[in-house]
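Paired with chain B in one complex and with chain C in the other, chain A is shared by the two complexes that follow.
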Partner chain A sequence: MSSADETMAKHPFVARFIDQGRARSTEGLPQWWADFRTSALQRLVGLDVPGAKDEEWRFIRLASLAGEEFVAEFDADRQVNENELSEVTVPESAGARLVFSNGQFLPELSDTSALADEVTVTTWSQLREAGDLDEIHDYLDIADFWEDDLFYNLNGANFEDGAVIMVPRNEVVETPIHIVYLANGEGNDFAAHPRNIIVAGESAQVTVIEEFAGAGEGTYFHNVVDEISLGANAKVRHIKVQQDQTTAYHFARNVITLSQDSNYEGTAVNFGGQLSRNDSYARFDGKNIECTLDGLAYVQGRQVTDTHTAIDHALPDSTSYQLHKTIVDDRAHSVFNGKIFVRKDAQRIDSNQLNQNLVLSPRARVDTKPQLEIFADDVVCSHGATVGQLDDEQLFYLMSRGIDAERGQAILTYAFAAEVLETIGVDSLRERLEEQVLEVTSAVAE
Partner chain B sequence: MSSNIENILDQPYEAGFVSDVEMETFEPGLNEDVIRRLSAKKNEPEFLLEFRLKAYRHWLQMEEPDWANVTYEKPDFDAIRYYAAPKKKPKKDSLDEVDPAILEVYDKLGIPLQEQKMLQNVAVDAVFDSVSVATTFRKKLAEAGVIFCSFNEAVQDHPELIEKYLGSVVPYTDNFYAALNSAVFSDGSFVYIPKGVTCPMELSTYFRINTQDTGQFERTLIVCEDEGYVSYLEGCTAPQFDTNQLHAAVVELVAFDNAEIKYSTVQNWYAGDEDGKGGIYNFVTKRGICEGVNSKISWTQVETGSAVTWKYPSCILKGDNSVGEFYSVALTNHHQQADTGTKMVHLGKNTKSTIISKGISAGVSQNSYRGLVKMSPSADGARNYSECDSMLIGDRCGAHTFPYIDVRNPTAQVEHEASTSRIGEEQLFYFLQRGIDEEDAISMIISGFCKDVFHELPMEFAVEARKLLGIKLEGSVG
Partner chain C sequence: MLLQVKDLHASANGTPILKGVNLEVKPGEVHAIMGPNGSGKSTFAKVLAGHPAYEVTSGTMTYDGEDLQELETDERARAGVFLAFQYPVEIPGVSNSQFMRQALNERLKAAGKDELDPLQFDDYIRERVKIVDMDPKFLDRSVNADFSGGEKKRNEILQMAVLEPKLALLDETDSGLDIDALRVVANGINELSTEENAVVLVTHYQRILNYVTPDYVHVMTRGRIIKSGGKELALELEERGYDWITEQEAAQ
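Here is the complex of A and B:
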């Protein structure tokens, strides 16, 4: 048997995606894209669904995902429920919104009229139609960190659409750009592989909100790759909100490459998905860079959420921060692994990481593994991790002021989450998320 | 500064001599026959031979682990001699009967058994290559009801205790090196503290590998009954050979209700030369179980030697309110690699654990902390506090931290902190301007960095540990 056949026989989950990738149209595909797809398909042959022995996957089980039979996204119904869309509207982003449904672009619901002509805010599908893809070639596959990763290659072999945002040199985009991925998952178990490209040129500034939302009970699969390139002195604020259906699967790989003097501030909010995985890799290609990778995950029921981050200080004189919080209720399970690498000769690095986990139920589970790998001596690196329940003394303090225990618990849980949410500078989005947390915590209290 | 630090670090290995004691050895190689011969040589009861053979058969099915953050040439298990013992027999009743050549070795190492016996009131069991050569203070301990003897003697005199507890904490299936040890272990120490007895003195074992190509596979078993207390010290050295030698020990501790075991190690196996040639592979499984309520197990280790260290002294906190502690200083220099840490598995209610780990890396060495804190669903009100600090000396070495935290109980509290830094120019300047030279300054700064751990060591070990770090770092400042 050839190795391709072996993969087919051993891993029908992978084989299905290889078939789907091979069946995709090559019409209007530039050579470099076709080549990239081919190489991803080749790498998929022989890749296993990772198991518990794989260090990167040891805390979660992929058996349920691997047992699903997803159809390609274009075979899925992409009708949009207008109510759904209005629920995730961000007024600040009026005239700067891209809407996708089931992984496919919906031009009729998108509007980029508020943005200057110099700023490119479009999609792979539109550029392909216009035969105008070549300028994004340089921003595809910008790091080899996930070269052998199953999900990165599933995306590489199958992606056809996703947002493309390119901000030229010195351009400051005031309007936050909102990318919305809706899912119409009811009984429609598709797999979509969005690939978002965000490029900020020298001294450019932009805020991007990437939001996934779905209502209903679908077991669809969002398998996302974001590639974010920052030029010298560029500034990117990236807020990701993942509220996929709690029956869905959400996997994402975020690659961030940073040039000198640039500043990336990322906040990842994960509320949705029966199984969600959000991984970020930040590579420092210059000096004097600042990078923040914050996160908040709130999971209930039997949800599982897993976040892995890798901050790669390849060069000296930079700073990184990370505050990752999780709230785990019912029988939910959260995982965090935060790696900080300081390479040889990358001196004068200042890196701080804090992971805090709040456990609300006796059957909840938390796994955390902060990790430092330091190869230079003139550095200040620290990490901390805590796992526990609400502080009795804080609760007592509130109760002594006439707030009952349930309300007190809700306030404290909310406050725990708010520390991450309050850094979100887009007011309506921050308020919406804060309200959402408050609603859940109050419901828990009742 | 750095060139000076390097000088300090280049201090020669003082315990690296070979002594010419007549040895009786097996041919290199491992198979069931070797194990049977080994067992027969020691006149072992049937259950022990069975244990060895089961372990060997299981070991054959296992693969050498490669998850640790170390790289080394895998040992050739057929090139190792599984038995090496000083020829003079039979067992001595007093030190006067021990071969003077052996005693001389211990003198060179600074462990004059006689002197310790006289002055320090410490009972010593000395293990030379694989076989225990002398146990001091036997009588005095026996009066208190404490059994402290070599493992082989325990097998002969107290087989029921060995059968009951051997493999009860570290089963032979536990890991690759524990399985190998279970199959071929040669000797070690056995301690039994009966109910209500506080061991009248600190017990101590010195391990020494002397013969080239031998592996040392000792086995230590300490059982502490209700309300018992024992403090146990372990020290290790080996001569300088330019081939790697394997040391795969297993240590098992069992503490019952209200019992306390304090286990301290100063490990100074030969670390190889400056280019990383030779040195000991130190692959050790150490685990204690707090079986009873309010019991306590405390591990303190100062790791300065070995080419490759792979060691995680652990506590299983089964009894309610039991306490586990781990205090560690790990120093690596030149090409040394250490992957060390602990596992605290909380099963009982209100169990507590503390982890203090100090890693110092210099030269081109790699120093990793790897730890697990596990709060089981039954561990109501359990607490853990972990602090892992690393210090880097020079810009060619690495410091790594891999803590695993796994919590399945909402009332459990876990706190973990880690930091990495170096000796600041400003700190040094402060010492210098007060007339303290750089070498002393570094030594004092390191001492301060490790203070929390040294505090936990018994007096004479604390002095030795401080001296050892001083020697290891001597001439390294610039």
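Here is the complex of A and C:
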């Protein structure tokens, strides 16, 4: 079937994923899912790999990704390295963990026994097996922001698994739910398209940790879509930790829709991947909403990390906060583009955005582009971006107390990162990440 | 001799600031270096501590038998040199107590002594904060971040109390303090003074010398110490200002 399709697609990279999508089983697929897959496949036929002329992609190059030939995740070995799993264990999430390896769910390593029966914490594959998918239909494709985006559609055409978390009205989930995506990439150059659905009903509350981890050197591709729906007065705390192998590719699109009086707090930590892209789109569908999109990226070697966010204030009386920090060392490159839209009738919006970049090496590169589009007149919007090095006076102060230069640099780098990590309320996870920043900085300090 | 400075010249960005400083400090002594703004007295303290903005162009600084120029800033600190900053630096994200524990442990390690674990340090620091009458809540905050001017100066003296240096260089620690804070800081300095250590107090104002009694007072202008005397010299400066000394020097 493939030769005719390949000539239809503009790029062999895209054609390969069209083939993979078409090869996927339709067994147990409800009609709406089959239709969604078909429409994504149709859109892919018209899509090319974005290039430097595309505004959304101008700071990074996708040529190396587009040159890779990934196998579909179902053809990859999914053996799990138990050490790898123990390294990412979050004790607070005991009995509330879903584990995937190479994009496929591993029920034997997952355990949701600590959660109340009213709370749904499962996966697409399990629901499909049980013939129980229909309740998530409404929470698929909740915004049309990425309708023509290559990666969103690659996911749409190929996703088969991912976490499904549904917290009903008034339910407060105290145990943070941990979604773990392991990768054993070596010799398994797979592409996986996880799709995570998080739904918080009216006045529901939940914390979700979404973590990607992989050791070794595998060239694999995690192409993730998260769809997060908040009902009225709901509160979702979403901590994403991306530590894919530094030879891997990680792309993610996070869609968040917020109803009145709801509160979403997102923290995205990006340490891994040779090329990572983490984009979020938050749409405000009611009044009195609070939304936080914080981020910390730390890249070294020749890693590239790119974060694009869009906060869409369509209605009045809401607040958004954003603190995005990046640390770039060696020849690494970080990109930040933060869009804030305040629509014509969205009065009394309070929006704060700050992007701070710490450059540890003369060959490292930072591109930052705050982007405010304000069409209402009664708003308070502040934004800023800084690019700087470690502060000499701070370093001298530490050294004047007997701390050597190497350790001093590590401490100051850690301190820069700490402001974002401090917002992570899950103690063991926060401490693990803080330790990691200190260790990495000590290891690379000259 | 704890510190011996001979004909020290130093410059910043090629501009000479210290132009032949001589000073000898023995253990157990308190020295005050006074002088008008821009005389080089703060630079002198920073050069002794090893600030990278200044280059020593000639002369020598010998501390405890060692050539200070051979030592990096952190090595000087571990050897017992301490600089209380005129403008203590804020370091958001680094906890004050963890910072001090690390600094103390570096000093202990260098002296071949056992390091303190967090619990031992906690006991130790809770005793030391009493010397500067400081609320222990400041230990849990980030280093100097959002501290008032007086709190920052107290925090400097607290670090001196924690590290127990042999040579404490106090760079205008008294400037900007109200009288209550000044008393606390001065009492701290007095309490920490022993026969084994020495204090060099760089100050613009005579007032702190009502609380800390110097053995020697030096007057610095234009990068040199031009007059030295006992504590009565400070009183004379208070009455007559600096002009008569500079005129005296110019006449010579």
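By definition in this document, the second predicted complex is superposed on the first by the 435 of 446 C-alpha atoms of A that agree within 3 Å, B and C clash if a C-alpha of one lies under 4 Å from a C-alpha of the other, contacts with A are read in each partner's own complex, and residues count from 1 in each chain.
By definition in this document, contacts are C-beta pairs under 8 Å (C-beta built on N, C-alpha and C of every residue); 3 or more make two chains touch, one makes a residue touch a chain.
This is a predicted model, so every value here is computed, not measured.
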item	value
Clash or fit (per the criteria above) of chain B with chain C on chain A	fit
Contacts of A:V224 with chain B and chain C, given as first, second, both or neither	neither
Touched partner set for A:A72, first chain B, second chain C, both or neither	neither
Chain B versus chain C as contact partner of A:A415, first or second or both or neither	second
First, second, both or neither for A:D392, with chain B first and chain C second	second
Angular separation of chain B and chain C about chain A, which is computed from CA centres of the superposed model and rounded to the nearest 10 °	70
Partner, of chain C and chain B, that touches more residues belonging to chain A	B
Chain B and chain C, minimum CA distance [Å, superposed model]	14
Residues of chain A contacting chain B in one complex and chain C in the other	none
Sites on chain A touched by chain C in the complex	391-394, 396-405, 407-408, 411-412, 414-419, 422
Chain A partner contacts - residues on chain B that touch it in the complex	67, 375, 377, 390, 392-422
Chain A-facing residues of chain C, complex	49-52, 72-74, 76-78, 82-83, 85, 88-89, 91-94, 99-100, 102-103, 106-107, 110, 142, 159, 163
Complex contact set, residues of chain A against chain B	55, 59, 344-345, 347, 357, 359-389
